[in-house]
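You will see subunit A twice below: alongside subunit B first, and alongside subunit C after that.
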Partner chain A sequence: MNENLFASFIAPTILGLPAAVLIILLPPLLIPTSKYLINNRLIATQQWLIQLTSKQMMTMHNAKGRTWSLMLMSLIIFIATTNLLGLLPHSFTPTTQLSMNLAMAIPLWAGAVTSGFRSKTKNALAHLLPQGTPTPLIPMLVIIETISLLIQPMALAVRLTANITAGHLLMHLIGSATLAMSTTNLPSALIIFTVLILLTMLEIAVALIQAYVFTLLVSLYLHENT
Partner chain B sequence: METAQNSVPARSGSELRNAGQSWGQLGDATQVEGRVQNFHLARLVSGHLAPALTDFPIGVTGTLRLRPGLSLTMLSRVVLSAAATAAPSLKNAAFLGPGVLQATRTFHTGQPHLAPVPPLPEYGGKVRYGLIPEEFFQFLYPKTGVTGPYVLGTGLILYALSKEIYVISAETFTALSVLGVMVYGIKKYGPFVADFADKLNEQKLAQLEEAKQASIQHIQNAIDMEKSQQALVQKRHYLFDVQRNNIAMALEVTYRERLYRVYKEVKNRLDYHISVQNMMRRKEQEHMINWVEKHVVQSISTQQEKETIAKCIADLKLLAKKAQAQPVM
Partner chain C sequence: MANYSVGIFSHSSVSVPVKDKKLLEVKLGELPSWILMRDFSPSGIFGAFQRGYYRYYNKYINVKKGSISGITMVLACYVLFSYSFSYKHLKHERLRKYH
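Right after this comes the complex of A and B.
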C-alpha cells in the first residue's frame, strides 16, 4: 500500500535512462507557434491567454523588470501545463519533485536578489528593516528579515512541491477509498466518488493557482529589486 | 570543428539583444575611421572562423568555399554580435549588418524555406469520441459494417480487464473523475471557447479591414472635397457680380448725397440774400410811416384841433337826436 501510494512520484526511467527529461519537454509541444496573423482556434486562444497574462503580470514592473517578461511568462506557462498534464491518469508530474522546483526557484530568486543588491544596494539592504520599528528591536528584526529573505527560495520550491504532491496523494487516497467501498457498500462509494469529482475540480484550480502564485512571487521579488 | 559552431551561438539572450540594439545606430558620422578598422576586424574574425566551417584552410583574403548545405547568414551576424561583445569598439558596427548580408549572398545555395508554403487545411481531421479518427471506421466498414469498430473496442476493453492487463486500482477512479470533469467541461464550454477564438480572429481581420476602409474613406473624402472645390470655382463669378453691384450702388449713393448737400448749401446762401432784402424793405417802410405820422401830427395846429373837436361834438349831438327819433319807429 505504501509503495503503491508513492509509486506515481518516482521519477520514471526507461531502461535506466531518465524519461523525466522527455516528460518535461512535452508541454512545449502543446503550445504551437505560428507565423500567420490569423491562426486556428488553439493558437488563437493560447496567444490571447498569454497576452492577457503577460499584460496583467508585467504592468507593475519598470523597464528593467520587464526584461524578465519572457522568463516569467514561460515559467507560468510551464508550471501550469505541467500541473494540468499531471492530472491525467498514470502520468508523472515533474513539479512534484523537489529537486526540479528548487532548480526553478533558487536561480530565479538569486537572480532577482543579486541584481537588486548590485544595482540598488541601499534599497535592497533597506528592505531588511521594516519602517517604523522601535529602536531596541532593530538588531533582532534585521536578523529575522534576513532569515525570511534567505528562506524565500526554499519556500517557493516547497510550496509548489507540497501543494501538487498533496493534491495527487489525496486524489489517490480517495480513489482507493472508492475502490475499497465499491465492493462492499456501493452507495457510500458513490458518495466518495462525488467527493473525488469535487476534488478533481479543486485540483485543476490548484494547478493553475500554484503556477500563478509561483510566478507572482518571483515577480514580486523582482519588483522589489529593480 | 564542432566547438566553433557550438561556442558562437551560446551567447545569452541579453547579450544578443544588446548587440541587436546597436544595429539601430546606423549612420554614425563621427566614427569613419573606426568603421574602416571595424570592417577589417570583422573580416579577420570571420576569416578565422571560416576554416572551422569549410573543408580547406584558407587565408584571410581568400574566397570561402562552403560545404554544400551550410548557410552563413545567421552565423555571420552572430559572429558580428560576438565580436561586438568581445570588443566594445565594435559596438558601432551596426552599419556592417546589411553589407555582410549582401556579401554573404553568394553562400545562399540552398532553397529558402519560407516560400512556396503549402496552404494550411482549414479544419482538422474528423474524429469520433475525440480520439479515434473517422478513417478507422471507414476502413472497417466494408468488412464489419457499422458496429464493427464498436465491437472491436468493447472486446479489447473486456479482454484487458479480464486478463488484468489493465488493473482496476485507485487510479481508475481518479481517471474516471478527471476524464469525466474534462468531458463535461469540453461539452459545456467547448462551443463558447470556439466562438471566442473565432471572434478573436474576426476582430483582427476587422481591425485591418477598418484600417483599409478608413484609408479609402479618407481618400474618397479628399476626392469629394476637391470636386466640390472645383465646382465652387465655377460659380465664383456670382460672387464677383454681387460685389461689383454693391460697389456701384455705394458709389451712386455717395454721389447723390453729395449732390443734395450742394443743393442745400446753395439754397442756404440764396435764402440769406432774400431775407436780407425783405428785412431792408420792411425797415424802410416802417421808417417812412413813422416819418409821415410824425410830420402829420406835428402839422396839426391847436386851432385846427379845437375846430375838429367842436365839429365832432356837433356831429355827435345830431346823431344822438337821430338815434332818439329812430327807436320810436
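Right after this comes the complex of A and C.
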C-alpha cells in the first residue's frame, strides 16, 4: 500500500532517460499561435482568456514592472495547464516535483529582489523594517524581516508542490476506498463516491487557484521592487 | 530520386522532400526498401513530427467551426499514453488472487 500510494508521483523514465521532459513539453502543443487577426475557435478562446488574465494582473504595475508581463502570463498559463492536465487519469503532473517548482520560484523571486536592490536600494532596504516599531525592537525585527524575505522562494515552491500533491493523494485514497467498499457495503460506497466528485471539483478549482496565487505573489514581489 | 515540393502546412514556406511514393501506394514487397529510404536524421524526424502535427491541426482545429472533439481526442490519447507508461505499477493492483 505504501509503495503504491506514491507510485504515481515517480518521474517517468524511458530506459533511464527522463520522459518527464516530454510531458512538460505537452502544454505548448495545446496552445497554438497564429499570425492572423481572426482565428479558429481554439486560438480565439485562449486569446480571450489570456487578455482577461493579463489585464487583471498587470494593471497594478508601473512601466518597468510591465516589462515582466510576458514572463508572468506564460507562468500562469504553464502552471494552470500543467495542473489541469494532471487531473486526467493516470497522468503525471510535473508540478508535484519540488525540484521543478524550486526551479520556477527561485529565479523569479531572485530577479525581482535583485532588480529592486539595484534600482531602488534605499527603498528595498527600508522594506526590512515596518513603520512605527518601538526602538528597542529594531534589531530583532530586522532579522525577522530578513528571514521572511529569504524564505519567500521556498514558500512559493513548497506551497505549490504541497497543494497539488495533497490533492492528488487524497483523490487516490478516496478512490481506492470507494473501490474497496463497493464489494461489501454499497450505500457507503456511493456516499464516498459523492465525496470523490466534490473533491474533483475542488481539485479543478485548486489547480487554477494555485497557478493564480503563484503568479500573483511573484507579481507582488515585483511590485515592491520596481 | 528525391524531388522537393511545397506541402500545404501552416505556411507555404515549409518544403518537404517527396520520396518516391506515398505509403499507400507502396507495394508490400517494396516496403523494406521504402522504409530504408526515409529520412531518419534528426531534422528528418523533426520534420515528420511537424508534418503530423500540422496534419492533425489543419484537419480538426484550424477549421471554421472546430468543435471540442479536436482537443478531446488529444487528451484521450494522452490518457492512454500515460496508462501505458504506468502499467508496470498498475498491474500489481489488479483484483487477482495470484499476482
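FYI, the second predicted complex is superposed on the first by the 226 of 226 C-alpha atoms of A that agree within 3 Å, B and C clash if a C-alpha of one lies under 4 Å from a C-alpha of the other, contacts with A are read in each partner's own complex, and residues count from 1 in each chain.
Just so it is clear, a contact is a pair of C-beta atoms (placed from the backbone, for glycine too) under 8 Å apart; a residue touches a chain by one contact, two chains touch by 3 or more.
Everything quoted here is computed from the prediction, not taken from an experiment.
Of the two partner chains placed by the overlay, only subunit B lies in contact with A:W48; subunit C stays clear of it.
When the two structures are aligned on the shared chain, A:T200 is found in touch with subunit B, with no touch to subunit C. When the two complexes are overlaid on their common chain A, residue A:T67 makes contact with subunit B while staying clear of subunit C. By the touch criterion stated above, A:I38 is placed in contact with subunit B alone, subunit C being left untouched.
By the document's definition of touching, of the two partners only subunit C reaches A:L26; subunit B does not.
With both structures placed on the common chain, the touch criterion links A:L173 to subunit B but leaves subunit C unconnected. By the touch criterion defined above, A:K122 lies against neither subunit B nor subunit C after alignment on the C-alpha atoms of chain A. Legend: residue contacts after superposition of the two complexes on their common chain; A:H90 is shown touching both subunit B and subunit C. Set against each other, subunit B and subunit C touch different numbers of residues in subunit A, with B touching more.
In the superposition on chain A, the residues of subunit A contacting both subunit B and subunit C are 4, 8, 40-42, 88-90. Touching subunit B in their complex are the following residues of subunit A: 4, 8, 36-42, 44-45, 48, 67, 70, 87-90, 171-179, 193, 196-197, 199-201, 204. Contact residues of subunit B toward subunit A in the complex are 13-14, 120, 124, 168-181, 193-194, 196-198, 200-201, 204-205. Interface of subunit C with subunit A (complex): residues 53, 57, 61-66, 70-71, 74-75, 78-79, 82-83, 85-86, 89-90, 92-93. Within the complex, the subunit A residues that touch subunit C are 4, 7-8, 12, 19, 26, 29-30, 32, 40-42, 85, 88-92.
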